[in-house]
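Note that subunit A is present in both complexes that follow, paired respectively with subunit B and with subunit C.
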Partner chain A sequence: MNLSLPLLAAINWHGFFFLLFAALACSLAVAVVLAENVVRMAFYLVLSLGATAGLFFLAGAEFIGAMQLMIYVGGTLVLLVFGVMLTAQAPFVSIRTPVGDRVLAGLVGFSLLAVLLLAAVTSPVWRGGGADPTARATEPMATPLGMALVGVRVDAAPTGSEDSQAAGVRSGYLLPFEIVSVHLLVVLVGAAYLARAKRRRGLPARPTVRMGGAP
Partner chain B sequence: MNPLADPVGVSHYLVVGAILFTTGVVCMAVKRNALGVLMGIELVLNGANVNFVAFGSPVLRGEQGSILGLDGQVIALFVILLAAAEAAVALAITLNFYNNHATVDVDRADDLKG
Partner chain C sequence: MAEYLIQSLGLPEWFAWSLMAGLAAFLILNLMAGGALAFIWAERKVSARIQDRLGPTRTGGKFGWLQSLADGLKLLAKEDLMPEGADGMLFRIAPYVSFCASFAAFIAMPFAFDMVGLRLNVGVFYVVAVLGLEVFGVILAGYASASKWSLFGAMREAAQVVSYEVPLGMCIVVPVMLAGSMDLVTIAEKQAGWFTNWYLFHDPFTFVIFWVYVTCGVASVNRAPFDLAEAESELVAGFHTEYSGLRWSFFFMAEYSSMFLVSGLAAVLFLGGWNGPVPVAELVGLSEGSGETTGYLVRLLGLANLLGKATLGVLFMMWIRWTLPRLRIDQVMTTCLKYCTPIAAAMFAGAMLWLWALPGGVTAAMGVGVPGRSRSAGEVREGWLEGPGGRRAAKARPADVVRAEVPR
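Right, the complex of A and B next:
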C-alpha cells in the first residue's frame, strides 16, 4: 500500500478517464458500423452515447452530460429500440450491404477522417493549454446555463472576445429557447399524427360482421 | 511531442468528435435498414456535440479560458433536444413506410423514381 500510493498520485486521472471514455465511445461507434444485426447496433449505440456523456462530464459540462444521459440515452434511444422491435421481422434484422459499397464507403470515410484529424491536430489555437490535472472542481455550470436560458447572463464572458471588453448587457437565449420548445411541440404532434394506427389501403382490417346472414 | 502525455486539451476532444462524425457518415452510407441510417444520424449529431462541448468547456484550455464560453454548452443542449425531435419524426416516417411497404429496406423506397 505504501508503495502504490506515489504511483497512484503520479497518474493523470483526468487524462486516464478521458482515454478510457474516448476509447469506449470510438470503439463502440465503430462497432455500430460493423455490426450486422440491428438490435446489436442499437445496443452499441446506447453504450457509445453513454461513454460520450462521460466525456462531457470530464470537460466540465456536467449539465450537458446529465441531459445526454436523460434525453439521448433514456429517451431517444429507447424510442429507437422501440422502432427496432416494431419492425424486427426476421428478414430485416440483418440486411446485407454489397461488398463494393462497403469498400467505397470505407475509402470515403477514411479520407474524411484524415481531413478532420489534420484540422483538429494542427491548429495551434486548439492545441494550447490543457486541463490542469491538479485543479479542483470548477463551479457548477447549471446555474449560468439556466439563467442564460431565461435571458439573464451571469457567467463571465469568454476571454478575448469583444464582449469581455464591452461592459454592456449580453443577450441570453430566451427567444431560441421558446423557438425550440414550440418546434418540439409541433414535431411531436406531427410525429403522433404520422405514426397513428390506420387501416392499410385496399384490405380491410377485419372481416365485416353480417347480421343474420348465411355463413 | 507525445499527444498521449499532454494534458487533455481541446484537440483531443476534436479527434474523438472527428471519429464519431466519420463513423456516423459511413453508417448512413452503408446501412440499408432505415433504422441503421437513423443511428448514423445520431452518431453524426453526437460527434458535433462533442466538438461544441469542447469549445465551450471552461477547463480544457487551462487558464486561457474557453473559446465559445456558455454558447457551446447551450448549442449542445439545443442539438440534443432537436435530435430527440428528429428521431421522433424519423421513426414515425419509418413506421409509416413499414406499414405501407412491409419492409424497412431503404433501397425499396423508390416509389418516386421517375
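Right, the complex of A and C next:
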C-alpha cells in the first residue's frame, strides 16, 4: 500500500492550518468592518474570534483557546443580544458609516497595526530559532498557570530545593489575581445596583398586569 | 491509534492522522444522529406512558421502532421555506451553528478509558465553553426569521443561558477541585472502584451540588420546564417557528445531542465516568492494561457504562419534562439567581472545607477501607506531580495522597 503521495507529504500541515485560521480570522475581521447590519457584524466577529481560538489550539495553548471561546466569543453573545434589541427597528437595520469616520478609524487601526508589527518583528524571541511549535503542543500548560494564580510557581521552582519559599521563588500571581477579582466583583455589584427595579419609597406597590412575564 | 498505524502499518503520517480524525468525527456524528433518532422515539414512548397513552404503535412493528425514521424521511421531503423579509444568510446558517457547537463539544468528551476524540488538558472547561456557543444558533434563528414569536423566544433563551452559566460553572468547579485536574479523563480515573468512590457520594455537599448541576443542565439545554425559548403554548414554536424540513431537524439533533452531552458530563464529573457501580472487570482481575483483547473488552465495558449512564440522564430529563409545568421567565430567573447560585456557592465552600478537614471523603472519615482499584497517585498521569516542586504541589493538596493510600 503506497499512499505516500509526495505532494501531500511535503506540505507542512502545521503551517497550513496556521495560515487557514489566520486567513479566516483576518478576512472575517474585515467583514465585520464592511458589513452594514449590526447582527451580521456581531456574527462575523464571533467567527473571527473563534478562528483566533483555533490559532491558540493549534499552538497547543488549550487553556487560552478555551478561555478565548468562553470570554470573548461568549461575551460577544451579549453584544449580539444588544444588537438585536437596539436595531430591530427598520431605520437601524442597515448602518452606513460616514467617510470621515472610515478615514479616522482606518488611521487609528493601521497605526496600531504598524506598532504591533514593529514590536513583533523586532522581538528577538519571535524571530526564528525558537522551539519547534509542534513539540510544545503536548506539554500540560494549564496546571502551572492555575497553580501560579493561587501563588505557587510550579514551573519556576528550582530543581533540588524542597522548600521553594526559602529559595526565593517569585510568589506567583495571587495579588494581581485578587485585585482583578475584587474589581470584577465591584463591577458586578454596580451593575446589579444600576439595573435593579426602582420603586418609589412610601407608595404601595401597584399590582400590575405582566405581559410575557418581564419582572 | 494513529501512532500504531504509522509504526506498524507504515502509513504516512498525514494519512494516518487524517484517517483517525475522520474516524472519530464519523463516530461522533453517528452518535449524534443515531442518538437523536433513538431519543425521539424514546421521548414519544415516555411521554405516552406518562400521559397514559400508547404512543407510536404501528410504524415498524409493535412498538413503532421506525417512527423516528419515518419522521426523518418526512422532514427530508418537506419544502424548505424561508419567510420574506428574513435575513437569508443568517437564517440558513443558524441551524448549522447550533449543530456545530454541539458537535465540537463532543470532541473532548471521553467515552471510555483512552476513548476520547482529543484528550485536552482543560477538557471540562473546553466542553462548557463550546456548549455555551450553541445559543448563538438560537439567537441568530430568532433574529433572522423576521418573526415576533421567534425574536421573543431568542431573547428569552439569551437571558436564560447567560444566567445559568454562572451556577453551572460553580457546580463544575467542585469535581475539578476534588480531582485536582480539569482533564475529564483524569477526573473519571480518580473515581475508579466501587460506586462509593463516585464524587456524588464524596461528601454531602457534592451530593447536593449534583442536583443543582442537574437543574442547571436541564436549563442550559433548553428543556422543559425551562423551554421558554420554544414555549409552544405561548410562542407557537419559539425560535424555530419559521423553520421547516431539514433545517428544523438540525435544531433538534443539536438539542438531543446536547442533552446527551450534559448527561455524559454529569456521568464523568459526578457518577464515576466509565467506572461501573461495581468494578466487575477489576473483580475478575482485568484492567485496561492487561493484554490487547482483554484490555479492549474492559474499554468496551466502560463505554457501555458511560453510554448507559448518559442515556439514563436523558431519560431522567424526559421524565422531568413530562412531569413539571413550564416556569415563567421571572420564575426561571428566580430559580437561577436566588436558589441555584447561592446554593452552589455555599456547597462549593462546604466542599472546600470538607476537603480541608476530611481529605479522604466519608469512607476515610469513618475509618472504613473501601476495596478500590490499586492505582496510586503516582500512576495517575499528572504532569505537575512529577515536575519540579512536585512534592510541594502534593503537599498543598493532601486529598490525593490520602485517598490513594486508604483503599487496599
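By our rule, the second predicted complex is superposed on the first by the 130 of 215 C-alpha atoms of A that agree within 3 Å, B and C clash if a C-alpha of one lies under 4 Å from a C-alpha of the other, contacts with A are read in each partner's own complex, and residues count from 1 in each chain.
In this section, a contact is a pair of C-beta atoms (placed from the backbone, for glycine too) under 8 Å apart; a residue touches a chain by one contact, two chains touch by 3 or more.
As the structure is a computational prediction, the values presented were derived from the model and not from experiment.
Chemist: Which partner does A:26 reach: the first (subunit B), the second (subunit C), both, or neither?
Modeler: first
Chemist: With both complexes superposed on chain A, which partner does A:15 reach: first (subunit B), second (subunit C), both or neither?
Modeler: first
Chemist: Just checking: does A:84 make contact with subunit B only, subunit C only, both, or neither of them? Give me first, second, both or neither.
Modeler: In the superposition, A:84 touches subunit B and subunit C alike.
Chemist: Using the touch definition from the top, say if A:149 reaches subunit B (first), subunit C (second), both or neither.
Modeler: The first partner, subunit B, only.
Chemist: Quick one: name whichever of subunit B and subunit C touches more residues of subunit A.
Modeler: When the residues of subunit A touched by each partner are counted, B comes out ahead.
Chemist: Of the two partner chains, subunit B (first) and subunit C (second), which one does A:73 touch, if any: first, second, both, or neither?
Modeler: In the superposition, A:73 contacts subunit C only.
Chemist: Thinking of the overlay built on chain A, is A:46 touched by subunit B (first), by subunit C (second), by both, or by neither?
Modeler: A:46 sits against subunit C, while subunit B stays out of touch.
Chemist: Is A:117 touching the first partner subunit B, the second partner subunit C, both, or neither of them?
Modeler: In the superposition, A:117 touches subunit B alone.
Chemist: Have a look at where A:63 lands relative to subunit B and subunit C in the superposition and call it first, second, both or neither.
Modeler: both
Chemist: Figure out whether A:191 sits in contact with subunit B (first) or subunit C (second), or with both, or with neither.
Modeler: First partner only, subunit B.
Chemist: Residue overlap on subunit A between the subunit B contact set and the subunit C contact set?
Modeler: On subunit A, the residues that contact subunit B in one structure and subunit C in the other are 63, 67, 77, 80, 84, 141, 144, 153, 155, 157-159.
Chemist: Quick one: in the complex, what on subunit C touches subunit A?
Modeler: 9-15, 87, 89-90, 120-122, 125-126, 128-130, 132-133, 135-136, 139-140, 142-144, 151-152, 154-155, 158, 161-162, 165, 181-182, 234, 328-330, 333, 382-384, 387-393, 396
Chemist: Hey, which residues of subunit B end up touching subunit A in the complex?
Modeler: Of all residues in subunit B, those touching subunit A are 3-4, 6-27, 29-33, 35-36, 38-40, 42-43, 46, 49-50, 53-54, 56-70, 73-74, 76-78, 80-89, 91-96, 98-100, 103-105.
Chemist: Which subunit A residues qualify as touching subunit B in the complex?
Modeler: That would be residues 12, 14-15, 18-19, 22, 25-26, 29-30, 32-33, 38, 41-42, 45, 48-49, 52, 55-56, 58-61, 63-64, 67-68, 71-72, 75-77, 79-80, 82-84, 86-87, 91-92, 95-97, 101-102, 105-106, 108-110, 112-113, 116-117, 119-121, 123, 125-133, 135, 138, 141, 144-145, 148-149, 153, 155-161, 173, 176, 180, 183-184, 187-188, 190-192, 194-195, 198, 200 of subunit A.
Chemist: Could you pull out which subunit A residues touch subunit C in their complex?
Modeler: Checking each residue of subunit A against subunit C gives 1, 3-4, 8-9, 11, 13, 37, 39-40, 43, 46, 62-63, 65-67, 69-70, 73-74, 77-78, 80-81, 84-85, 88, 139-144, 147, 152-155, 157-159, 162-164, 210, 212-215.
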